[in-house]
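Going by the order they are written in, the chains are A, B, C and D; count residues from 1 in each one.
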Amino acid sequence: MLGLNAKDFRLLLLVTILVVFAPVFLNPFPVDSAMAQFNAGYPDLMQRFVIFGIFAIGFNILFGLTGYLSFGHAAFLGTGSYAAVWMLKLLTINVLPAILVSTIVAGLFALLIGFVSLRRSGIYFSILTLAFAQMAFALAASVLTSLTGGETGLQTALSDPRILDGAAAVAGNIPAPSLFGYEMRATTTMRFGDWAFTLNLGYYLAGAFMLAAFYLSIRITRSPFGMMLRAIKSNQQRLNYTGLNTKPYMLACFVISGMYAGLAGGLMAAMDPLAGAERMFWTASGEVVVMTILGGVGTLIGPVLGAGLIKYMENIVSKINEATLHSWFAFLPDGMEDAVVALIYPFIGKGWNLTLGIVFMLVVIFLPGGLVQGGQKIAGLFRRKKSAEASTKAQTPAE
Amino acid sequence: MGILEIKNVGKRFGGLQALSDVNLSVAEGSVHAIIGPNGAGKSTLLNCLVGKLIPDTGSVTFEGQSVLGRKPYEINQMGISRVFQTPEIFGDLSVMENMMIPCFAKRDGAFELNAYGSMMKDKEIIERAEHMLDDMNMADKRDMHAASMSRGDKRRLEIGMCLAQEPRLLLLDEPTAGMARADTNNTIDLLKHISATRPITIAIIEHDMHVVFSLAERITVLAQGTPLVEDTPDNIKGHPKVREAYLGESSGH
Amino acid sequence: MDAIILQTLNGLDKGSAYALIALGLTLIFGTLGVVNFAHGALFMIGAFCAVTLQKILTLSHTVIDETRTDFLGNPMKVDVPYIYEWFGESTGNAIIDWSVPLAIILAIPVMIVLGVVMERGLIKHFYKRPHADQILVTFGLAIVLQEIVKYFYGANPIPAPAPDALDGVFDFGAMLGFDANTITYPLWRLVYFLFSAVIICAVFAFLQFTTFGMVVRAGMADRETVGLLGINIDKRFTIMFGIAAAVAGLAGVMYAPINSPNYHMGMDFLVISFVVVVVGGMGSLPGAVLAGFVLGILEAFASMTVVTDFFPGINNIVIYLVAVLILLTRPRGLLGRKGVMED
Amino acid sequence: MTKTNFTRRGVMKTGAATGAGLAVPTLFTGAAWSDGHTGFTNAPGEGSVTLGFNVPQTGPYADEGADELRAFELAVEHLNGEGDGGMLSTFSSKTLDGTGILGRRVEYVTGDTQTKPDAARAAAKSMIEKDGAVMISGGSSSGVAVAVQALCQEAGIIFMAGLTHSNDTTGKDKKANGFRHFFNSYMSGAALAPILAAQYGADRKAYHLTADYNWGYTTEEAIRTSTEALGWETVAAVKTPLTQTDFSSYIAPVLSSGADVLVLNHYGGNMVNSLTNAVQFGLRAQQANGKQFEIVVPLYSELMARGAGANIGGILGSQNWDWKLENQLGARYSGTNAFVQSFGTKFGFPPSQAAHTCYVQTLLYADAVARAGSFNPCAVVEALEGFEFDGMGNGPTLYRADDHQCFKDVLVVRGKENPENEFDLVEIVEVTPVEQVTYAPDHPQFAGGALGTCNPGA
């Protein structure tokens, strides 16, 4: 189906179901229960899941397939965001041109940086990409303030010209990004008894892009081009002596990966019209590296899982405060309640970074292949229980 | 006029004259061995042929075209394939994929942005690759992880990958180094078979006299960066200069 | 002229911090091939050794002073350090005053133990794992170390001043024949520079002249061969890890008076120190030191207004710009060896 | 626009009423706020109202964020009639009676801004979309304030800024739904300049080091303009990178430049480091142009002062508020002691100016809602615009309608040479009366941008 083998198609189907029903899956707890704190099914976070999913998928095309570790990938995300916000300011509040232009601009930027950085390999390549991204950050935050809005970031404004639809704006308020008049923030809530599920247009647009990006990444991985990229990771020397020029392969891969990042940046701006310099800081580049490794390098679905986990921690665990803890454990006797709260408190709220660090270490120590391997282990357990059908199929790469 | 013509090639590394005034002609369709003691410049010469090094002086032409200044992949696309001392294959890929890559390189050239087509649906490539695996007697290893094979199989696969490109000249750099006797003999048989069944020229750099004398039709002896003699194996065996420079020390073979 | 001398001093001073951190990092990263994202955290912990000693020395018991009131109008609680009771107030104050240099004594064992525990307990299992896994585990570790420090000390910087005797400025002008007060430089920064020079020399001497150092150097060059010789290289690498941690920690202790330590100071240095190591050339200790000083001096000069007037913003990017230029013209950095971490 | 009125509490009620059925999305189109509690984003239900407190919990400003959070907690307590009531007793408006806001119990959610505009917006959005917050407050940088303010405008939520000092927040980036109680760069300049001239003389030569980002620019401009108007000369203004930690190479050339005052337009970690470095280089001990060399830090904060330790001794700067204000300058600043008392009793140490502004903002919001009789943002905006109040610790204060900036007295403070404890690090030098720091709404330093109209969302 769709040019995919059965296994890949099943994976795509699974991801599609997850994306479509995410508002349900992510809100498993009734709205007023104590556990509602763990619900993640609100528009902003769901948008972030899929957008960072796109970013990580794109990064994985580079890192997972070729083994080239770019430590400056956030630069393309940032460039994409700036390009998108400028389109929203200058051309139209419709998000499609913004997303398109952000992808193209990030691709061109990646072409430039890739052309230079790919002259080196290994750690030298990583440091070159890092250096370019840090320069982009530093300049965007200071000297280029007129172009980037500096540290505050670039935003839409009442005075924006918006050549195509500037006149149509409601007086006194900046129009929200929209798709042919349908606003990205348009939201409908469906209620089933105590449960509420939020359906948001922006999320579904971003989700559609994510599915397309995911599908494309499967196609790339299974294509001759993808095989060449894996061959570069495996043995670049042999590839050269097999009459293949690795340079254009690497550059094409780098540009594709940069365009994914640009798409993610463009979508971020389309969901929320703001682009800040800190999106290009090395920690942002490091974050996508960590997402990919956490999920499973070189796997198709891993980076999306990694992105989801980190964004979940950042947005859910950081919001649990002491008062919330007390409300959870109110059923315990007073002394015990305080003890339990005191025990958990360092790991939540302002301590969410600590939990994040611990999760990184636990995953990498116990699941060397990332979350995907964890999933496989669990799946393996179930399979063994079901029957002893030993599927000793040949190891398929890049699952 | 041979298929490969090396004229007056010299190469210097700092104070060391690695090659000087090397003249060599490899006849089309022959099996030509280049032997010599350690440090004689064999590997340097080979690297000059494949584009890894550029000689300071002289010329190297393949089928009348200069190879100098071209990148390894360009030289390969001209029709020269190289087998390495330790088998260089794509260890992370399956055997089949290993074989498909040279098939793509042969058909699509040095770069083709085919990022959307499915590799497993390219009938032409798959047939070619499977045919080559059959040829190499490796059809049963089709789905194996290449890195998990024995050294002999890796060598066999590497040679197969080179042949899949249908090169006119196959360069082998000590193809049996570090191999057990049985694997060595298998490799000799394979190369003999290749030479007999294909319109291909083979140039081989070798240390192991057993291999050299089993395979070569002509032998060039290299010593201190310069060719000493070139002749048939029988004549080389008895040549006093060669004994003096080389065979004396490697009589163990 | 005086501006140039001053900026050179600044460059040497920045450079010595970079060089010290990069030196330790290159022992781990450049030679063991372990991408250690926790190295910055080790530097930070070093600085907090100074803070901790200061806290220990000022451990107090509370006395209620009925004659004064606090901001709420209650009787004032006054903290009296125990050290006053043991040594008297003036000696006690003198000891507290010297807490940063004294912290070296605390930092050396703490850092070596931390380094060894880190290597034996964690890093050891990652030598053969991909770099990606090393990044994740050491990054996780860095966050955990950082958050532990934040939990106990807060996010705000904590001042750890230099001893009064070393807190002044040194007048170079008089020495070099300029007018007085034209070229003055903080004493403590000079101390820092000399201190790093001593540490750098000590590490080099250690590697050069001891049997231990010879084996380690051989192990860096060819780990397998040394292993075959029956020398327990792993154990020595553990010790090397401890030394690297100690170097980072000492760099941190002595840095505390220059900038008040805070829990994220390690991350601020992490990226720069990787750049320094790579620009110096993977696997080269002299390269790391050289690159540290080169980048430090260039950073200092780029901040001069004559330079920024000519190229606005250059002071924001100089280190990275220079790194790019060096890596493009010298494929393996300044003094790098072939084949280390190139794939 | 199809934006459903999404309130968790509301959901509960209607959910119960309609049973397990599938609710049809309700469509609201510009309902007038006067007819009650619908027609705007996150209209609270009958029982409670949720406020969102968005403060830095990780990163360099985490301690400041923690102090803001304490103040919010306290404000919520007082609004709900718990604790000693704090400033409710001194506040000139008497609509708040300790029964929550409009009879609804105040609940709150918290988020982590990480002092990054992106993260701050994510946290704010989560409060708006998930928790149904009807007002967002807090923050400790102007970048964050500007970003979150724009978000709140878009979403139809009231934003009560926390610590943000850049002119832009109520200048070129001002928004109808956003309000700032904290003072700004211009006010710092206007308040400091006369006192600097009085203390150090009118013929000083100043050297500016400025953090290379928006807040740095506006502060430098404000201080330069104000001091130059009084006769000072600006020798040089050098921008320092945002991520700089060691300022030695920027400090070293200061002495030889001919300047006799160094102005550090830095905040937070930047300021702690640059001031520490400047003192290290012996600037404070030097003579230049026959005068004592001086250092000025336009924006002071207690936490920064703590980080810089003994280095702040004798250094002048400005503050929005200080906990000693009422004790030292009398009843004009009433409210101060009430707040300090309840904060100190609960947490054991005096509050910072960040805590104060967050506490006051929460009360001001609650009061505006109570006076308007509605949570509708447009009603709140109307109630706050031009609102004059007193008893919140800053003396008589005006929330100006033109730009939603508070106008009140500004403190000039000096670092104590020998502080007794880590919470009493500055002494109040003088208070600059509000008239001297007031400016026209179209002042060039605030040019560009427009409030727009209030947005009730939904």
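Methods note: a contact is a pair of C-beta atoms (placed from the backbone, for glycine too) under 8 Å apart; a residue touches a chain by one contact, two chains touch by 3 or more.
Quantities reported herein were computed from a predicted structural model and do not represent experimental measurements.
Taking the mean of each chain's C-alpha atoms as its centre, the chain lying closest to the overall protein C-alpha centroid is A. With each centre defined as the average position of its C-alpha atoms, the distance from subunit A to subunit B rounds to 46 Å.
Centre-to-centre separation of subunit B and subunit D, using mean CA positions: 74 Å.
Between the Cα centres of subunit A and subunit D there is a gap of 33 Å. Distance between subunit C and subunit D, defined via averaged C-alpha coordinates, is recorded as 36 Å. Annotation for subunit A: residues touching 2 or more other chains are 138, 141-143, 353. In subunit D, the residues that touch at least two other chains are 58, 62, 212, 239, 241-243. Of all residues in subunit C, those that touch two or more other chains are 316.
Going by the touch rule set out above, the chain pairs that meet are A-B, A-C, A-D, C-D. Every residue of subunit D that touches subunit A in the complex is listed here, in rising order: 1-4, 6, 8-9, 11-12, 14-15, 18-23, 25, 57-58, 62, 65-66, 69, 73, 108-112, 116-119, 121-123, 125-126, 129-130, 142-143, 146-147, 150-151, 153-155, 166, 168, 173, 176, 212-215, 217, 239, 241-243, 448-450, 452-453, 455.
The touching residues of subunit A, when paired with subunit B in their complex, are 3-5, 216, 219-220, 222-228, 230-231, 233-235, 237-246, 248-249, 252, 256, 394-395, 397. Subunit B contributes residues 50, 71-73, 76-77, 81-82, 84, 88-94, 97, 100-102, 104-106, 108-122, 125, 143-145, 161, 165 to its touches with subunit A in the complex. Contact residues of subunit A toward subunit C in the complex are 63, 67, 69, 116, 119-124, 127-128, 130-132, 134-135, 138-139, 141-143, 236, 282-283, 286, 289-290, 292-294, 297, 346, 351, 353-354, 356-361, 363-365, 368. The touching residues of subunit C, counted against subunit D in their complex, run 2-3, 6-7, 9-11, 13-14, 17, 71-72, 150, 154-159, 161, 167-169, 181-182, 184-186, 188-189, 257-260, 262, 264-265, 268-269, 299-301, 303-305, 308, 315-316.
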